[in-house]
Structure formats: structure tokens, C-alpha cells
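This report refers to the structure that appears directly beneath it.
Chain lettering (A, B, C and D) follows the sequence in which the chains are written, and residue indices restart at 1 in each chain.
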Amino acid sequence: MPISLLLSQSLRSVRAHTEALIAPLEPEDLCLQGMADASPPKWHLAHTTWFFETFVLQPHLPNHRACDPRWGYQFNSYYDAVGDRHPRPERGLLSRPPIRDVLSWRRDVDAALQLLLNDPPPDVLPLVELGLHHEQQHQELLLMDLLDAFHRQPLAPIYNQAADLTARTTSPQWLSCDGGLVEIGFEGSSFHFDNEAPCHRIWLEQFAFSSELVSVGDYLTFIHDGGYRRPDLWMSEGWALVQQGGWSAPRYWRPGELEFTLAGLQPLDPTAPVRHLSWFEADAYARWHGSRLPSEAEWEVACALHGDSVQHAHGVLWQWTSSPYRPYPGFSPAAGAIGEYNGKFMSSQMVLRGSSWLTPEGHARNTYRNFFPPASRWMASGLRLAR
Amino acid sequence: MPISLLLSQSLRSVRAHTEALIAPLEPEDLCLQGMADASPPKWHLAHTTWFFETFVLQPHLPNHRACDPRWGYQFNSYYDAVGDRHPRPERGLLSRPPIRDVLSWRRDVDAALQLLLNDPPPDVLPLVELGLHHEQQHQELLLMDLLDAFHRQPLAPIYNQAADLTARTTSPQWLSCDGGLVEIGFEGSSFHFDNEAPCHRIWLEQFAFSSELVSVGDYLTFIHDGGYRRPDLWMSEGWALVQQGGWSAPRYWRPGELEFTLAGLQPLDPTAPVRHLSWFEADAYARWHGSRLPSEAEWEVACALHGDSVQHAHGVLWQWTSSPYRPYPGFSPAAGAIGEYNGKFMSSQMVLRGSSWLTPEGHARNTYRNFFPPASRWMASGLRLAR
Amino acid sequence: MPISLLLSQSLRSVRAHTEALIAPLEPEDLCLQGMADASPPKWHLAHTTWFFETFVLQPHLPNHRACDPRWGYQFNSYYDAVGDRHPRPERGLLSRPPIRDVLSWRRDVDAALQLLLNDPPPDVLPLVELGLHHEQQHQELLLMDLLDAFHRQPLAPIYNQAADLTARTTSPQWLSCDGGLVEIGFEGSSFHFDNEAPCHRIWLEQFAFSSELVSVGDYLTFIHDGGYRRPDLWMSEGWALVQQGGWSAPRYWRPGELEFTLAGLQPLDPTAPVRHLSWFEADAYARWHGSRLPSEAEWEVACALHGDSVQHAHGVLWQWTSSPYRPYPGFSPAAGAIGEYNGKFMSSQMVLRGSSWLTPEGHARNTYRNFFPPASRWMASGLRLAR
Amino acid sequence: MPISLLLSQSLRSVRAHTEALIAPLEPEDLCLQGMADASPPKWHLAHTTWFFETFVLQPHLPNHRACDPRWGYQFNSYYDAVGDRHPRPERGLLSRPPIRDVLSWRRDVDAALQLLLNDPPPDVLPLVELGLHHEQQHQELLLMDLLDAFHRQPLAPIYNQAADLTARTTSPQWLSCDGGLVEIGFEGSSFHFDNEAPCHRIWLEQFAFSSELVSVGDYLTFIHDGGYRRPDLWMSEGWALVQQGGWSAPRYWRPGELEFTLAGLQPLDPTAPVRHLSWFEADAYARWHGSRLPSEAEWEVACALHGDSVQHAHGVLWQWTSSPYRPYPGFSPAAGAIGEYNGKFMSSQMVLRGSSWLTPEGHARNTYRNFFPPASRWMASGLRLAR
């Protein structure tokens, strides 16, 4: 099957999946934005459509008529090269266009993309593929942003009884890794984000890598041992957050050993992997444990080396690493506005590896570099130890 | 017709009118909160219902079963005596309960109120009446809050093509008033808010009162004469706002002599009364004009004295006065939580008199004391001069 | 003795007194600014000098050479008509010019003023007199600002063992006042601020006025009765401050029934008048007591009527009134920049009457209108009841 | 000469140098704190004394009587293990103790240290040495904090006519470096900070290293080419700072090609190295140039390899690297409170290498890791390119 036909099928399926995600919502939920870092569901639907229109249709489909420029202003996320945009903290104020107009726009853009894929110019296929991966990222963002917005409501809404993580941890083993001169990063011609390349050499000393994620039970021991009350366990920045924010547990834990989830309030299960932690909490836990977080290179090497012995490398929780998010040696961002996708965020953030139960199928890779500021904890983040 | 029957009819009509106000809205508009001072439409519908349930049904209808206490927490506005409440700036995050549940609650509360009015205990009638006037206040608030929320959107939504003010000014005359020892405040047994009483004596020197509101054309002259650039015209607080907020015109004016209204963007009409001014702007305009704002006593006395010669006393724009909002001599708030209705806001606010085109019919009185902080300008405020 | 000679003597004495106020200070105290509302001691010395130079010498003394314009920028307080100025919250950063240069400037300006007073042009005498009263105001401000700055230091510095208030309260009596059509405001040709005029008629109902200030002992009873925990006693704004600021006592009270004063930490004396209260606290206390604050007209009329029966009308504590600070009917500010002295502050503030133990001798008048925002409590404020 | 005698001499000289730094100051300068990140001169003198007393004298000199615990509270910088402390942004409010008491405390502590060094217990010598290096760091901080505080004053005070940087750049060459498996970090037993160890292996690809710092002339070209107006050159965080802060040049540049320095306002010299840049500016410049910043490993390796061919490696400006500040593999902080010295700051900061003209003699090392947040630019920072 030609690549354009495959893409055309993926397009249909990925785009439909995004819309399926809002099926359980009330109309009032569509504009819900709990904080500046998050975006409302409708905004995600519109932005991903804007992305295809702006970067695929406008440059490549002759006679394509773009949306109202005010829509472009509203649904541009952060592409400075494309022009000004609506302030991020005020996305929740965009009650208009209403959802039916956004869905109708999605229809039009989808039809135009299919038209373009009938006889695609050479540059178009990678752009469409990027658009699909971009949309998959927003599928995960939509759910984690919704969890944030729902947890702010006294009524503790349930998104979907079946939407919660079901994975449970096993007993952790230390997996030994020799280190030496190793290669990390993506190599090959299939899809990957620019930040995963180039493949390059790095020196690693011998290390041990935990076979399993840290569990709720492990984390409760940390808490009961005064984890949130001992400044010696924390980075200075993290300790300030603990005090200012009154942190005493992961973000969504509630009194009575409960956790707020996409399936509503649920009892904490000690065998579940602990989640919705900031990097500061992951780092403090590791210090308390007498271990440390793996670097992103260690994570990638250990997963390649030990394969299935690494439990829950993917599909459960993103795993904080000890690595600040910086460009690989020889990194060059894509040309033009698309180059803003990853490159301009390479400061003051930490890398997470793996993927989560919210990550769409087919979106995960061992070389994938996710990144968030060390204080963020509304994402599906967990941790795994090294030493 | 007995008073309870009249009230029962009013109840039906006022409650239905509130619901009619949201008919032109998209579902996503229902949770829209543009700023901390404003509330979303759905919240107004729920809060007015909570008011009836809390202050009428719960104390007076045996076996009435109140709403989920979390609803009470969400829809209490500011009654400390009733308990804790959801933070005001986060009312826009209350996507739940959805509108259908709020409307269903309204049905239930309305039915219970009608039941109670069939054979009302003596204390109930004034409370129901208060609830109706309270709901009418929220009808006006709903529209002015919506105007604020809509003006923040690039798409400049139209609420209703027919919703805008149509009144136009005439040529102003100075109406002479003798002053002397006069009485102001409400006297009698019909409905009034506690802050309008008691009727009391006050001494006024002779003054002149403008027969008309200040117009857009008048205000343009002030602007063209450097009104927003001359600190000598302003209170110090007001001048700070001008500079910090970059104020150069009334709140909803837009470049090109346009104004954003409930009917969308409209051309400025020089003969329309100028509106959406803060007290600081009204005060600066009056100083520039060589006149002053009337005190609230002057307003009340002049309207009583000159009757229809006072153009647009009601039904056009609330009119800023020179009077800080303070209790009348001998004021006593109602007992219990209801006493929080007006009394606790008697600091750092200024009185407006009259009523506006958004004020529901039957809600206006010459003794009515509306009040807002001097920096507020999202209300339907205008001004009238005295000297 | 001619008025110019009298003024010349006053000038010497008032100017010397200001400098005597900083004698007990360490050099590092001279730039101390505890908060944006307050100013450092050296700034007060420089600003009062700038006032004389700007409003007296520059317009009236030929060939007077003004200070470096950057000094003018630094030491202008709020006169927009005179030009831009250094941001108020950053006055504490002005370590230069050093004190010796400020003192030397004071010498030069004093000499120039004496020269001018040898043969004064007609307009000059009232300006010099205003400058003297202005400097006296800053003498009080200097001390209250210093108290604020010292109370922020762990070492609790003592300004002067003899600087604290020594007055003690007597048993309060209700003094009866008939009311009726009365006159308030300053009448005559001697010195007064523009805001005290014009003298005008006002109607007062009969009232009773307390002969004494509220005492520490009285206020302790209020506290022990839950005064800071009962929202029903407070204006809404005030209750928000109580909660945000964790207020549970007057500003300078410390655990262990101590109070921080200009004489350092001192035990609370139940018979002392309670002080350093905000208007919100004064208002809440009066409500709790079942009384109310007097209006400023009541204060002025009662003091005129009852003379010495009113204990501590002056020289102890400024007394909060129920009156917002607004212009008297017919008020007109002085022409030019001097008109900014009082007029532009007539919003969002409350009037205090009387004077305090920090007020310089000869500065008090029954018609004097002091004013502060209702949340301020670093001044020498107390309260007296009416009913 | 025994080590304790050498230390005793160093102590005398380093401690005296700190006090010499304040000789040019006015007394009012001693409490000057321009921003929360900076500290007043007197505070630096007191804090370094507190450091010796707390970590050397109290644990090791029997019968030593420590300062007033409130002094400890005031002069603890960030050691959580030692107890609570005065809020950092309010150090400028600590007018007391006055300088003479601080200097007298310095005398007492110095005498006690000399006494201890007469017959030092084994653990003491490294602590005294750490205290000396700590004090040298504060000597540099004192001057850069002072520059910040002085630049906020309209009078643009001169600290010392001879205090400015005099180094000038030469024509840059690319120095070639082979890379491969190299070692970085401190090895040996002489003094170094814990964050410089352990020495460890790292893999470097071949790279080129500029022989010279970037000059003012180079940077002017960047500015004239729109460097501060092109978002594509900046990290997203950095671009936000450019816009919010209105950045258009290095921190201390002034209109008219002037720069504010410790010697007052000086003309910009195109051959001088550009300084007082944030990491974001250094990074943007490098991107504009088509080069990049060196990693800290590259910096250390290139300086070792090329020796004197690297111009101005030390004694001119700290040089931003591309490396986030993180622990070396195998890093372990010192035991106890001293372990807070470096380890807890290893997040959200970038490494600078080299040293500056403000760095005290004998304080620089090739392995020295200085660190600041990427937005900071009040330090003596410059940059050098790699590719």
C-alpha cells in the first residue's frame, strides 16, 4: 500500500479518535481551562485542525481557503513565525466559535487533506505525518488537561469509568548495565521528532536500572518517613514549592487514601505505580531511597539492553529522568515555523521517557523525549530508579 | 387579588424571564467568566435558585429536601453566615452541574415555592419578594457580565441584535433646585432594600441639576481636549488606573469610533448617552466641564422636584453620584444572613442612582441605591452633571 | 512682630525640629523603607526641602539656583504638574545623595528662605506657611514610617525610650449633642488646609458622643469575644483583610501582651488608648459594641460644644470617623501644582479627626481633616464611639 | 610553613580584603538591596562571619559564645539544617545591627579563629579553608550586588574609578579540539568545592573553541541585525523575557552607547568583551552567529589543551556554557548543613566557567563550576563560542 494511502487511513482514524475523546463531555466542559498550562478540550480540537491547515493546506493545496484570520489568532499555540496569538491563560474564554463550527471546520480540513493526499506533492507526506503525531500528542494533553480541570470542581466529575490506569507493579529487580561508549538517539528514516536526532555517541559508566516503576506503597513509606517535611531531601527550588504549595502528597491524592482520576475518586492501591509527581518529588524520593533517577541515556540503553525485563517501559507512566532537556550534539531544528515545535523549549525543563496509559497507540518510541518543567505534575508522570 | 397570588404570578414571570435571557447563548457561553468580578450565566441561574432555597424553602417549607451541599458551596455568593463557598474568581471552572440539572433544580424550587405560597406563613412573603428583586438584580448582572466576557473574544460575539440601548440624548438644561432641609430615603411599607431606609432629613444648599445625561459627543470633546492625558483632571487613584490600564476611552470603545455592545460592534452615535465609564472617568469629565457630579441626595431631590423634566432618570443608564456608599443615619440591616445583602459592602464604593436599559421592568425606584467600586466600568453606567 | 519675622522664627524652629528627629538614628536607618506606603527618614528631610525650593524659591527668589534635576526627580512625592518622579516603592533604594549632602542642601534652602523673608513678595508668606505645615506633617510621617520599618526587624530597635505615648484613658461618658442645622469647616483667615474649607451648613440629628477614646482593655474584651473571628461584625472588604493578613490584634501587638513601640517592646496597658487600628477594625469594634463611629461633622460639633469634657480630642490618637474623605460643598483646590496637595486624594479614604502624640505642637485644629485608606493601620490611629 | 599557619595568614588577608571593599561606600549604601536576588554590603560582611562562627567556632571551639540567636536568624543565607531565617527579599530592611557592631563581631570571630588555629583539631582546617573560599565568593557577590543597586539610582553613583574591567579582546581564532574519551572534574587533595568532583570520564566529539570572548562590537552587530526582535533566535522562555522586560541590550547599557559600571557611566568600547548578559542572550547570540555555546566539558578540555592560546579564560568574565548545572556522576555532597552549599541548587540553572575581574585572586580554577539561572544577568557574565 502506498504511503499516501496509509497516511490517508491514519488520518481518518486519528482524527476520529480525537473527536471520540469528547463524547463523554457535557457542552460546558468544552471550554474548561483549569490553569494557564492547560487548554480546553474544544481548543485542542481546533488547534490540531489549525496545525494541518496552516502547515499543510495553506502552503500546498492550491486555492485552499483558510479559516477566518481571527480563528488563526485564537488557535495558534506558540508559533511566533506565524504571527500573534491569543494569550494562553485566556483560552478558556473562547466560547466562540461553538463546537459545531469547530467540528464543521474539522470536516472541511479533513476533506481537503484527503484531496491533497490523492496526489501529494513530495514535501507533503512528512508534514501530514507530523500533523498526525502532533494530534496524538494533543489527545494525551486533552485528557490530562481535563483531569486538571475536573479536579478543581467540588462535584469531582467522572470523565469515563473505564478511563483510569489499570497497570499494577511487580517486585522490582536491579538490572545491571555495563555502560561504555554507547549510541543513543533515533536512527533511520521512519517518523521521529527532530529532538530525537541525531543518533550520537555517549560514555556511560556501569549502572543498575530498576525493572519496575515506584509504587504507591513505596511512596507512602516515603511520606510516612517525613518525605515532605525534610528539606535535606529536596532541591532548593522544590522545597520552596513544597512550602508555598503546601504539598504533602502527589497532586491528585485526597484525604482518606483516595485519588482523583478520570474515573472519579478512587481508593489508592499500594501496588499501583505512583503518579502525577513533579520532578522535584521524583528526585526527592530517589534521594530518600539512596538511589537516583536514571539519565535519559541510561533509560534508553537499559531498555534496549534488557527488553521485556524492563516492566512498564511504555503505556503506563512517563518516567522522569535526571536529564535536563537540551539539544543532542548536532541537533538542527526543522526549517521555518515547524522548527519551533521542539527546539525553543530546550531550557529549564527535564526529560521524561517512555509513554503513559493516555498515550495513543503507535505514538511511543524508546527514543521519544518528552519534557516538562520540574515543577509540573499534572501530567501522567511516574518514576523509576537507577543507581 | 391576595398578595400571595400576586407574588405567585410575579414568581412565574420573573423566573421565566431569567431563563429567557440565556436562550440566545451557545452552551459553551454558559460557563463563561471574563474576570473575578463577573459570574457565568449558568451560575446566575443557579445562585438565584440557591437563594430561594436557602432563605425561603429550607427555613419555611417543612420536609423540603435541599440540594447537594456541594451545590450550596458552589452557588453561595457571599453569605458568610451560611458557610464556606467556592472562590469567586473560579466560578467559570464549575462546568458541573450541567445546565439541564440546573434547570431541573429551578423547576423543583419553583414548584416548592408555589406550594409554599398556597398557604404562606407570615414571614415568607417578604422573603419571596426579596428573592424576586434579588433575581431581577441578577438578570441585569447576567447581561453586563456577559458583555464583559464577550468583549474579551476576538470574534466579538453578538448576544442579540435587539439588545442594545436605543435612547438618545436631548439638549441639556440646568434645572434649578432650592435645597434646604429635605428628606431622602424610602418611606412606606412596599418593597425596598434595607439600604434605602430610613427616610431621614438632610440639608442641601441650592444647586442646579442637568436635565440630561452626558452624551458620546460631549465625551468625545473631553477626549479630544486631552481628557485622558491631563492628571490635573483626575483623582490620584484614577490617574494611576489611566496609566496602568492604558485607558484612553470608555471600556467598550474600539478603534474606528466603534463600540462593542450586546448587539456586537456598533458605530458610536454622538447623541447616545456615554456609558461604561468608571466613577473616576465620570468625575474627571465633570471637573473638565467645570461642573461636578450630583450627590445622591441631590439626585433624589431633583428627580422628585422636576419629574419628567429630568430626562432619562430611569431605564437608560445608572448615573454615578459624588456620594460614597455609606449607611443612612439609623440604618439597620435585616437580621441573620440576609443582613449581609447590602450592609457589609458599605466601604470603598460609590453610589449610582436611576436604572439602566438592562434593569428589569418594575425594579427601578427613585430611592434605589446601586453601588460599585470607583474603578468599575463594566456596568451600564453613565453620568449626569450638577453644579 | 511682623508676620514675616514670625514666619522666619517658625521656619528656624520647625526645620531644626525635623533634623532633631533623626538624631537617635543609625546611618543605616536613614534609607529604611518598610513598605511602599512609607518613606525613609532621609527622604522626608529631602522632600520637605524640595517642597520649599520648588514652590517658594524657584518661583519667587530671583537667581535662585535649583538643585540637580535628578534630585527633583527623586524627591518629588506626587506632584504630577511638576514632572515625573522616582517610583514610590523604591525610595529606600536612594542611598545617594548621602545625608551630609541633604543636610547641606537644607542649609542652603533655609538661608535662601530667610533671605526671601527679609523682603517677601506678597504671595510668598502663605506659601512659606504652607511649607511649614507640610514639614510638620512629614515630622509625624517620619516617625510612623520609622515605627513600621523598625517593627520588621528581628532586633526590635528602640527609637527613643521617651518617644512613646503616655496618655491613659478615663471612664467614658456619653456626651449628649442636640444636632440641628450646624456649621462645620474652617472659617477665618489664619492658616488651614484647603480641604478644611469652606465652612458650610449641615443637618445633624441628635447624637451622643463618647467622652473618651476606646482603651486597650476594651479592645481586649472585643478580641476575647471573637471580634476577629466573626464575619458579621465586619465590612466585607475588612473581613477579607482579616483572613488574608491573619489579623488577630492591632498591628503592633505581639504575643505575651506586648506592643512594639518607638520605645521598643512594651507591656500592654489596659488603660492606654488602643491604637494602630485600621478603619475596618474601628468599625467592627463599634458594631460589636452596639455603637457606631461618629461622622466627622459630629466629631467637630461635639468637640466645639463640649470642650474639655471631650477627653483626648487632641495630642493622643487620630480618631477614625464614619466619613469618607470627600470635598466639602464648594471646595476649590489651590491653583497650580499646590492644588494637588489634598484634592486629588478624595476617593477611597476615610477621615480621621483630632491629632496624635506624634503631631507637632501647633499643628492641630478641630477642623483638621486627616485621611487614610480604610485598610491602613500603621498610623497613630485610635477610635472614639458615638451613638 | 604548617598549613594552619598559612591558613591563619590567608584568614587575615581575606577578611581584611572584604572590609576594604566597603571603604568607598557611604553609610546609607550599607543596607542597599536592589532586588531579592542581591544582598546589601553589610549583610555580606555579617553572613560570612556567621558562616565561620556557625560551622567552625560553635562545633569546634570550646566555650565559644555565639552571637545573639536573632543575628543567626538574620544572617543565615539558606541553610535549612541550621534553622529558620529572615526572608531573603527583606535583607535590605535589616538596618540593625549597625555596621560598627558587625565589624566588632568580625573582630571577635577573627580572634577566636586565630585562637583555634593555634592548635587546630583535625576537622577544622578544611572548614576554615571552605570559609575563606566562601568569603571570597561573597567578595565578588558584594560588588555585583552593589552594581545592581547603584544602577537603580538616578544619580548613577561611582563605586570606585579604578574598579572597572580593563581587558580588551583580540581577534578570535578557532582552536581545534579532538574530543574522544576525556576526563573532567577536580582530582587531587587541594581545595575544591564538592560540585567539581568526582573526576570522571566523558565522551566528546571533535569541536572548535573560540580563542576569545565575544566583544561589544560583535554584540552591536547582533543588535543591529535585529537580535532582540527575532523570536527565531531565542528559547521560548528567553523571548518571553525580552518582551516582558523590554530587553534591547545588555543589562547595564544606556542610551548613547554608554554602560553603567562600578566606575560610573562609561562609553562603550567595541573591543571590550560584552558582559552582563543572561544565558538566553548568550544562547541567542550564538545561534545568530551560526555557532553555539561550548558545553562545560568542552570548556574545561579546551582550556587544558590549548593553555595560553585561550585568551581571557580567567580574570575577565564568567563564560556561559550550554550545560545545565547538574551533579557529576558519583557526586556526593558534604555531610551535614555544609552539604547544602552546592548540591541543592542543581536544578534550573546553567553553568558558567572561568572567572571574572571581580573574582578575588587565588579563587579561580579550570574545574570551577559557577551557576546562575538562565534569566540572570547582573553577574559578571560574558560568552565564548564553540562549534
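Throughout what follows, a contact is a pair of C-beta atoms (placed from the backbone, for glycine too) under 8 Å apart; a residue touches a chain by one contact, two chains touch by 3 or more.
It should be emphasised that the depicted structure is a prediction, and the values quoted were computed from it without experimental measurement.
A.B. asks: Counting one step per pair of touching chains, how far is subunit D from subunit B at the shortest?
C.D. replies: 2
A.B. asks: Check every other chain and keep only those touching both subunit B and subunit C; list them.
C.D. replies: In this structure, no chain contacts subunit C and also subunit B.
A.B. asks: Select the chain at the greatest separation from subunit C, using centres from the mean of Cα atoms.
C.D. replies: The chain lying farthest from subunit C is A.
A.B. asks: Subunit A to subunit B: how many Å between their CA centres?
C.D. replies: It comes to 46 Å between the two C-alpha centres.
A.B. asks: Please work out the Cα centroid separation of subunit A and subunit D, and write it as a whole number of Å.
C.D. replies: 37
A.B. asks: If you average the Cα atoms of subunit A and of subunit C to get two centres, how far apart are those centres in Å?
C.D. replies: Each chain's C-alpha centroid was found; their separation is 58 Å.
A.B. asks: Find every residue in subunit C that makes contact with two or more other chains and list them.
C.D. replies: none
A.B. asks: Strictly by the criterion at the top, what is the full list of touching chain pairs?
C.D. replies: Per the contact definition above, the touching pairs are A-B, A-D, B-C, C-D.
A.B. asks: Can you check the complex and tell me which residues of subunit B touch subunit C?
C.D. replies: Against subunit C, subunit B makes touches at 78, 80-81, 181, 200-203, 205, 231-232, 234-239, 279-280, 283, 322-324, 326, 329-330, 339-340, 344-348, 374.
A.B. asks: Can you check the complex and tell me which residues of subunit B touch subunit A?
C.D. replies: Subunit B residues touching subunit A: 26-32, 34, 42, 68, 70, 73-74, 86, 90, 92-99, 149, 152-155, 157.
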